[in-house]
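As written, the chain order gives the labels A, B, C, D and E, with residue 1 at the start of each chain.
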Amino acid sequence: MATGEPLIVLDSVNKWFGPLHVLDDVSLSVGRGEVVVVIGPSGSGKSTLCRTINRLEPINSGTITFDGQALPAEGKALAKLRSEVGMVFQSFNLFAHKTILENVTLGPIKVRKEKPASARERGLALLDRVGIANQADKYPAQLSGGQQQRAAIARALAMQPKAMLFDEPTSALDPEMVGEVLDVMTSLARDGMTMVVVTHEMGFARHAANRVIFMADGKLVEDAAPTEFFANPRSERAKDFLSKILTH
Amino acid sequence: MATGEPLIVLDSVNKWFGPLHVLDDVSLSVGRGEVVVVIGPSGSGKSTLCRTINRLEPINSGTITFDGQALPAEGKALAKLRSEVGMVFQSFNLFAHKTILENVTLGPIKVRKEKPASARERGLALLDRVGIANQADKYPAQLSGGQQQRAAIARALAMQPKAMLFDEPTSALDPEMVGEVLDVMTSLARDGMTMVVVTHEMGFARHAANRVIFMADGKLVEDAAPTEFFANPRSERAKDFLSKILTH
Amino acid sequence: MHVFTDPDNFDAYVSGFLWILKLTGASAVCALVIGVLLAAMRVSPVPVLRGFGAAWVNVFRNTPLTLVIFFCYFGLFATLGLSLSQDLDLNIYWLGVIGLSVYTAAFVCEAVRSGINTVPTGQAEAARAIGLSFAQTLRIVVLPQAARSVIAPLGSILIALCKNATIVGTIGLLESSNIMKDLINSNGDAVIPIFLVFAGTFAALLIPTGYFFGWLANRLAVKR
Amino acid sequence: GDSDEGNSGTGAGGIVGKAEGQKKLVIGVKADQPGLGLQTGSQYEGFDVEIAKIIAKGLGVEESGIEWKTTVSANREPFIEQGTVDLVVATYTINDERKQKINFAGPYYVAGQDLLVKSDSTLTGPDQLAGKTVCSVTGSTPAKRIQENYPDARLQQFDAYSKCLPLLENGQVDAVTTDDIILAGYAAQDQYAGKFKVVGSTFSDEPYGIGLKKDDTDGCEKVNEILKTAAEDGSYKAAWDATLGKSGTPAPELDTTKLTHCGAA
Amino acid sequence: MSTSSVLYDHPGPRAKVRNAVLSVIFGVALLGLLYWIYTRFDEANQWESWLWEPFTRSTTWTQFILPGLWATLKAAGVGMVLSLAFGIIFAFGRLSDRLWISVPAGAVVEFFRAVPLLLMIFFIFYGVPFLIQGPVTAFWAVVIGLTLYNGSVLAEAFRAGIRAVPGGQSEAAYAVGMRKNQVMRLILLPQAARAMLPIIVSQLVVLLKDTALGYIVAYPELLQRGVNDLAANYGNIIPAAMVIAVIYIVINSLLTWFAGWLDRRTGIRSFRMPRQTGPVAPANAAPGGDGTVAEPQG
């Protein structure tokens, strides 16, 4: 699906946490409309990779460009960049003291200075799209995990982002709720959203991803089409990982 | 595998949390050496069922017998019963201020008044059995989730229980660690341990269970052999649930 | 009870508690303002401000209040010449308010800071991820949630402040502890009833205050 | 009620009996009054302390048998009533209110409330205190007297006189008030030498007594006897000269005719 | 500082400059203020050598400060031991299932938390002797007062700590067959004590400072000996108070440091309060923010 110049480009990115080399010379480019799934064992640096893209984590060396521009280091420019990159977390992170609708409209109103009325209208439409329009006035704690995560997706979409980052969006969910969140994500992918998704849901990787990236120990070990990757992983690490995760 | 009289018998058990009917006339018997897997949507009462069997939750009506005797209501007799029923929790619940080995030997020493030396020896053997003998002197927080859960299983086994209850033992684990815990459970099942297992791991249900029980809204909806249940669920609820959980 | 039927004694009792209440009221407001400022310094990205906040907290948490009050009188007033009122009592009162405020502010700062720490980091990250600025993140997302988990500890601090107000008696304000001492000195036969009346008044003021803050904290607690 | 429960009765329970039997006494003195009762480390020194030693000696108790106990103005009666101390020699003014609770021997000295001012001050008496700031100890008799008789004076109170002095030096207070003898003790201290003066117009009589248990009449009479002897044999004068007399003030006469009746009347 | 860094972004180049500038401005202002205070004290002759000279004499230390310090430490030490015992007993009392235990325990704790320590100590010294028909020494008046107040605060801290231990810990203990008192003793209390260690320590610091209130019954502690009595001898009350303040700060910092050291040494490092994962029973699991700060009495 990749068209034109790539939207996200990482070039020789390195990052340390103290002595720990969490991102080891990672280069990656994600084209517009492309869906990239990142998998790998725990601690391999997947979340960190995700978080560097909207600079929730600064990097130590290398460059990251988004939509042709190097990531700004701070200030307004950085806030603007972040509002263009939606992010969905494993633990939802809905603002606990705001209703679902307020969660969704907060960004547009405070960052984009949209009028409350129009933000509200768009917010309701988005909640409807993710299937929880009837929960708009509840607080996050009153919703099931699946509903919360869908609200979090709506919140990110409300900023009309150019790309979306998902960090294990379903791994905190009860199994019967995983499906409803994956459905929303699949429909986003179909609508042409550029997505980077850290996940263990191999089903999603198989049908929705354009590429699968396998990380281990901070290194980008494999980068392949899903069919190829699952049928025929090249590295031992990937084989080992897949065997652990797919047997049961 | 069921032999002789059943080990655990629940007869018309009812339980309310305030207005909520969490266990609705549940009757169930588990034979010696039998492995029963309990599945069902979130909130259907699976955990509660599990917890009533060693009376971590008291019931409102009905009877539960264990090894031919009605569950004692309190005091020494209750403590003794609990020590005969091993329990493994979703969140491991290892004693955070004790090392792994101390976790395993605490029950034998303090409850069974075993000598520390012999408890230690048996404890180490059990840790070896679950594959973490080399972690004996670490604290829970220093172990991965999979290792912690195996330690929790060893802790339960140290009391030489007549039956083991598992409440979603793998759902707090990273996917690549699920396998190692299921392996230990499968080997226990093969050795003839009586087990009640609440889980979403359909693979385990398929190969290790003698029976699968499906719960919904506090009711025991289906009770069947695994092959039969997965191939041919009788109720709509079960069909719906399976479709949600098996698609991705 | 004959002690309190004497109108002079009764007036003294009332005026003693009035001083306590006035000290508590003014100091509570000042301590809250200073404490929040200090907390803001302690979480700020500016090292000197962080150091200043930490030093303040360490100094005042480790010095007996009696000494702090002493320095307010002998340092601020007697040496630096800070006179806050022509009226002797009012001057002592305001010096007492300063002492209680700077001392209590150290505890308020720690309460607010640990309140900020109870807000899961994900909340601030999510706020930044939708493009909120630092100030917006703090104002719209972090502080409202921190405020709620800070209420119960602030309640305890307020209660302690009220009791601590008795220490201003050491620089000559005739607040309840001095009044009680006086009454006991001149009514040695009624020590126990006198104590029970004073202790009981404090209990009657402060136990409900504690329950009120507990209730408020529960009501406003953010469900997670 | 009557304090006759065994340990606190007269006779054997009084100080005479205790001094004879145990050769020990617990004596309460001030700890923070230069010239009268000042604690330096474990030692106490001052006129009161010397008087206490004379009385102990008269009762047959060696200096080593004395256990000194710090008292403050507020805890003297309770200490005596509760038996924490046997005797109190601590700038203890005899008055009727106190006589209700305890017994007084003495007076061994008649002090009077006075003012301590800077050497160059023009204050000559309490009548000029209006609008001036006077410093004293919270709840003390001198403080109360100022409050009642000179309401126009501004009264600053602390828990100890030692806090008043730096303020007097700074000019934050115009005078310190309490018994002249106490003031003299401060004025005579090295570090204030030449800075302060005692005004010298006393406006009250403060006969200093020796406090003991209310019902210990025997003890009281014995103490009075000892004081009489001390006046005669010069030990009273020696006590003065060794302490307050150091500043040059000659020893006062001890008027033995004024000694109390020990509650006998 | 990792805790606060989540609040703000990792500073970029402009932020770094801004922070440096703010640091300099604020630092200079602060130094200026300190210098001004210094000169004002100088004008008031507070730096004159005779005021400070006593502190170079050993007798000042051996006769005033050290005995005072010893009295302070003695009262604080005994008070700490008794407060901890009182705290544990009353925490358990309040958590008891039996109303006739929990209600009186709660009332006692609430009462002693509400009465100013100054009044408490004064009353124990002057009032209690009437009740027990015998004297109470200044030492015990201070120690008992400290125990009743700080013990009550600690009881609340322990109680909050025990309630903050995730429910799973006690369930797991019951599940291996422990009785209620074993669960309390072996599982809950050790974890609560460790989790609450910072609060316990800061309360002990408060306790140590509170010994200063002993002045009201003429207990010869550090403040009494080192400020009032010392100044009665040398007439240098402000310098004396400065020296004593520094001593308090040093001792309390040492206490805090010692607790930290103990903390690390006993391997608590590897201990972390477990997080409750998975579904939490909505009822009794509310480890609220209560009791996370010591009560700043005296």
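The rule we apply is simple: a residue touches a chain if its C-beta (ideal position, glycine included) is under 8 Å from a C-beta of that chain, and two chains touch if they have at least 3 such contacts.
Computed from a predicted model, the values in this text were never measured in an experiment.
Touching chain C and chain D at once are the following chains: E.
Listed by label, the chains touching chain A and chain B alike are E.
Counting only chains that touch, the fewest steps needed to get from chain A to chain C is 1. When every pair of chains is scored by its C-beta contact pairs, the maximum goes to C-E.
Think of the whole protein's Cα atoms as having one middle point; the chain whose own Cα middle lies nearest to it is E. Using the average of C-alpha coordinates as each chain's centre, B ends up farthest from chain C.
Using mean Cα coordinates as chain centres, the one most removed from chain A is D. Centre-to-centre spacing of chain B and chain E amounts to 45 Å, using the average Cα coordinate of each chain.
The distance from the centre of chain C to the centre of chain E, each centre being the mean of the chain's C-alpha atoms, comes to 16 Å.
Here the CA centre of chain B is 81 Å from the CA centre of chain D.
The distance from the centre of chain B to the centre of chain C, with each centre set as the mean of the Cα atoms, comes to 52 Å. Multi-chain contact residues of chain E (touching two or more other chains): 9, 11, 15, 44, 126, 215-216, 237-238. Residue positions of chain D touching 2 or more other chains: 78, 159, 163, 166, 170.
Chain pairs that touch one another: A-B, A-C, A-E, B-E, C-D, C-E, D-E.
Interface residues of chain A facing chain B in the complex, by the touch rule stated above, are 41-42, 144, 171, 174-179, 182, 200-201, 203-204, 241, 244-245, 247-248. Residues 1, 3-4, 6-9, 11, 15, 19, 22-24, 26-27, 30, 37, 40-41, 44, 46, 110-111, 113-120, 122-123, 126-127, 130-131, 202, 205, 209-210, 212-213, 215-216, 223, 227, 237-238, 241, 244-245, 248-249, 252-253, 256, 286, 288-298 of chain E touch chain C in their complex. Listing the residues of chain C that touch chain E in their complex gives 42-50, 52, 58-59, 61-67, 70-71, 74-75, 78-81, 103-104, 106-107, 110-111, 114-118, 121, 124-125, 128, 134, 137-138, 142, 149-153, 156-157, 159-161, 163-164, 166-167, 169-170, 176-177, 180-181, 184, 191-192, 195, 198-199, 202-203, 205-207, 210, 214, 217-218, 221. Put simply, chain A touches chain C in their complex at residues 54, 56, 76, 79-80, 82-83, 85-87, 89, 91, 93-97, 106-107, 110-111, 139-142, 152, 155-156, 159. For chain E in complex with chain D, the residues that touch the partner chain are 44, 50, 59, 62-64, 67, 125-126, 129, 133-135, 137, 215-218, 220, 228-229, 231-238.
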